[in-house]
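Chain lettering (A, B and C) follows the sequence in which the chains are written, and residue indices restart at 1 in each chain.
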Amino acid sequence: MIDVLGFLITLTTYIGIYLVLSLTLTLEVSSGITNFGKVAFYGLGAYTGALIGTYLPLAITGSRASPFDVNGIQLLYTISKSNPVLDLSVFLLSLAAGFAVSALFGLLLTYPIHRVGSALVGFTLLSTGEVLRLFYLNTEPLGESKGFMGIPNPFAWLPQARGAEALYLIIVWCFVGLTYFIVSRIMNSPLGRILKGMRDDELVALYAGWPTPLIKSKVLALTSGLTGVAGVLWAYYFTSINPNMFTPSLTFNIWAMVILGGIDSIVGGVLGTVLLASVDYAARFVIPFIGTTLVTPDYLRWIIVGLVMLVVLLKKPEGLAPRRGGVSKL
Amino acid sequence: MITQDLISFFLFSLLYLTVTIPLVLAYRVTKVINFTVANYITYGAYTAVLLDYYMRSSFGHNSLLLTVLSSFAVTGLIAVLSNLAVFKPLAEMRVKGDVLMIASMGLWIVLKYVLYIVSDIASSAWRTNLVSYSQIHYDDISLLTVRAGLVGVQQSLVVFPLLALASMLILYLVLNATRVGRAVLAVADNSVLASLSGIAVGRVVSLTWFLTAGLTSLAGVMWTTYSGAITPEVGDSLILQVFTIAFIGGLSSLTRTAAGALLISGVENFGTDLLSTYLGLPTSIKPMLTFTVLLATLIVSPPLGVAGGVPYRFTRGARR
Amino acid sequence: MRLTPASLAFLLIGLVVGLPLGYVFSTTTSPQSTGAPQAGQAREYQVGFTLPLSGELSSIGKIWEKVVYLALDDLNNEVKAYGFNVTFKPVILDDGTQDDKALANVQSFAQMGIKVVIGPAASSQVKAVKSFADANHIVIISPSSTAPTLAIPNDFIFRTVGSDAKQAKALATLAYTQGARTVVVFHRNDEYGNAFADFFTRYFSQFNNTKVYDLPYQAGLSDYTSEVNALASKVQSTGADSVVLIAFDTDAANILAHAAGNSVLSSVRWFLSEGPHGAQELLSPTIGQFAQKTRLLGTRPLFVHNPLYDEFAKKLKEKYGVEPTVFCDTLYDAVQLAGWAILRAGKYDGDAIRAALVEVAKHYYGPSGWTMFDENGDKAFQDYGVWAIVKTDQGYQFMDVGMVQGDSVIFTTTPYR
């Protein structure tokens, strides 16, 4: 017997977090920033959230336990279950800090990436993501390879697990709504048309008098900040993170979602994300009942994703739901 | 252990050169920033693995020459087919370079997991583990080393220089001593002019795909004599270093690329050892060194040409 | 009506979500949902498995999948023999050795109504599923997670293998009794490697006249040449007489192959953890010769000369043609424990099964030995065997050559001459 409500809550939570990533990526792509380092900002947000979520409750309750000891972890679980006010305020603070830290980092990164062409921007950001991952892996206060455990779920104090999941889902979707609002307002505004011009020919935009580096910096700072918040949401949903969660494959997954729906259309990005995330999660309910397979389903999944990407690029480059006349609406 | 570092530096420099020189040349002709370079290396290595297992179990012997030829053919063919199926149609649609790069990303994913499936199926059919395969010893190289009186020398020390030199030699001869090679160079410089002067650009591009991919696969074959465990991740784990080097060369200058190969190889091999011995840093920071060099290069000396950022492309020397 | 992108989107989403749901509804409406089982009607229990069938641990994950089928066959036959009209069915999902996939797998198991999940393999994955499992009362039995930070009482996480702390002690004892005094611990810079190295350092330093140096390396690289060179420098500068390598299979093979070409590293002793045991790449001539030269020894969780283990290994070889690798025995026992615990609990409910599991484990003895849990839900009594790579007529082979007992090591055969 399938627990349909639980299924839908889990699925929509995943979709929500992915939507933030794909919406911001759509904005980046439509401004000519080939961001192959999505995971860098995402991971930075997650680590900022985890840092606040574990050290702060321990410090406030006056405990000297380290968040990496069994004692500290158990204490964190107890605090999150017994102190709703502290639990929620730590979560809200993490959201704000996640935005600030990632946005600042995005802004700093614009310095090197203005100096290289769009293809190299992708690789520079990809490398930055790897550098950050290795940094977490080698920094003791960040838990090194152990990562963080016991990040308090903001609704852990609710007696029913289902209630906590539902409330968390609402928070995620509020944030998805906010991201959608920001991204669609920018892309449908005059600024959106400048961004499109910048992507199509940066040289022309520059000669038309637009300060393209400045605009790009602002866009990257904004999208990075939003991505950082998605990271915080991820960390608090998971309640444990470690450096190996933030490998480049996550970035490629988001790219696949965005390409599937149409590279610079908001509706397309949403559609691609919902499709791919749903197929990924729903497939778990089918795969085990097919019987033993010689071929690992995960490999097949990636082959299909890659092929779909190629077919879309070749046959329908504007994607499943193209952006119309520079203005896209749902 | 300066001698060991020196040997690794030498070997890795050769490996990086074998991959990056064809990569840069391919970019100049095809204008694709090509993720599938990772696949070329892996397919080269896995052609060697499959051939080694098959030949050892059937004939009891294997051969480097045969391996090299089949790796070259398999990989070159894949590259030509991917050009025909993906890159040529896209180029005819006059898409931007970014889209070509993203398409190559899609292709990279497909090829990567196809190889995983192939090696899984082969593993279960032959009841062995091909997803992680041990180092390969080539019988014709053993014969060669024994003839030359180099008993006990590791095969990698012979195979690396041999294949790297062969690769450079083929590239040099094809480009400079043949008609078609000069056509390749002409297309690399300016494809419009080349087509106006009667060069069949399409055919030249196809040839470039075949040649550069085949030469890249040699790096995979080299790898099988060196690494202790060959996995389908070989190419992917080299790709960031490879592109770092290519970007240091700005995707255009062969000399700068070669210098980049030496720089990255040196940083990885001497840097790690020195930092660990004298500063007590863990060797686990090695990949960080590579990326730090990339970021530093970009900041200190931004690349020119297409690889450079638009606002800075023309303002070098008079930076705002 | 014109088909707009938005309506198309909703149609597609409906199809994507609806189809599998409908499919599963029609296939998995198992007897569990039909209330109390009637007499004579076979009852079917599903057990969830999240295994690393792809990703870094895929080569052992593939073998584990076979162990699961073997264990379930044995379990089903055994419960039949006891007169229970019950069958256990596996629901196997791949988690690619990734944390997020492990959680998504456990979530989907929970939504299928499965209360017992075996796996995931890595400690970081167990951490990722812990909070969900505790909140939703899903019993998790990991056959291979060894991180000490997961030793938390009163949760829903059980581990059928001893913590690394114990094995580190066994390895320290082995190294010391073999004459090692100054060692360099060369280990993966991940949760497994770091924790193991910490404990090894702690126990080895307690012996007289010993010195330990620590050298982590980045895991998951394609090659470890410069790391091995740094290790050689370290060995030379510290005058170490032994290297302790804490690794998985692929990285160990790579490191040993490079060490074989290094004169400094070929002249010291090597001691290994359980990770590389059973990996085919270690049986290449290069590494085989190196093992003979350096008299390479390793420890692994094993109840040496356990007739049940030998029988299990034989059965696995006969049925599926594979040798058991590391943690196959603990996985087998995890399946058995899960089955008997469900029967003992009398109902398919997380809390009842958790309570029953603790009791069942006290009375069960399997290929991995006595499975009793300690207060943290980890295996209470773990023995460690010593393994070596020996030369046979069919080339190089792994062999269990002895066991660690307290402060001494007992060799049953002499691996190297």
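Here is the rule we go by: a contact is a pair of C-beta atoms (placed from the backbone, for glycine too) under 8 Å apart; a residue touches a chain by one contact, two chains touch by 3 or more.
Computed from a prediction, not measured in an experiment: that's the story for all the values here.
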{"item": "Comparison of A-C and B-C (more C-beta pairs in contact)", "value": "A-C"}
{"item": "Label of the chain whose CA centroid is most distant from the centroid of chain B", "value": "C"}
{"item": "Distance from chain C to chain A - Cα centre to Cα centre, in angstrom", "value": "31"}
{"item": "Geometric centre distance via CA averages, chain C-chain B, whole Å", "value": "36"}
{"item": "Multi-partner residues of chain C (at least 2 other chains)", "value": "54, 58, 189, 218"}
{"item": "Sequence positions of chain B contacting 2 or more other chains", "value": "116, 282, 284-285, 287"}
{"item": "In chain A, residues with contacts to at least two other chains", "value": "134, 137-138, 296, 299"}
{"item": "Chain B-facing residues of chain C, complex", "value": "54, 58-59, 189, 215-218, 220-223, 225-227, 229-234, 236-237, 249-251, 253-258, 261-262, 264, 279-287, 321"}
{"item": "Contacting residues of chain B [partner chain C, same complex]", "value": "1, 4-5, 8, 11-12, 116, 127-129, 131-135, 137, 154, 226-229, 231, 233-234, 236-238, 268-269, 272-273, 276-277, 282-287"}
{"item": "Sites on chain A touched by chain B in the complex", "value": "34, 111-124, 126-128, 130-131, 134-135, 137-138, 200, 202-203, 206, 212-213, 252, 255-256, 259, 263, 294-296, 299-300, 302-303, 305-307, 309-310, 313-314, 317"}
{"item": "Sites on chain A touched by chain C in the complex", "value": "1-4, 6-8, 10-11, 14, 68-70, 73-74, 134, 137-138, 144-147, 149, 153, 156, 161, 164, 238-240, 242, 244-245, 267-268, 270-271, 274-275, 278-289, 292, 296-299, 320-322, 330"}
{"item": "Chain B residues within the chain A interface of the complex", "value": "33, 86, 89-90, 93, 95-99, 101-103, 105-110, 112-114, 116-117, 120-121, 124, 240, 243-244, 247, 282, 284-285, 287-288, 290-292, 294-295, 298-299, 302-303, 306-313"}
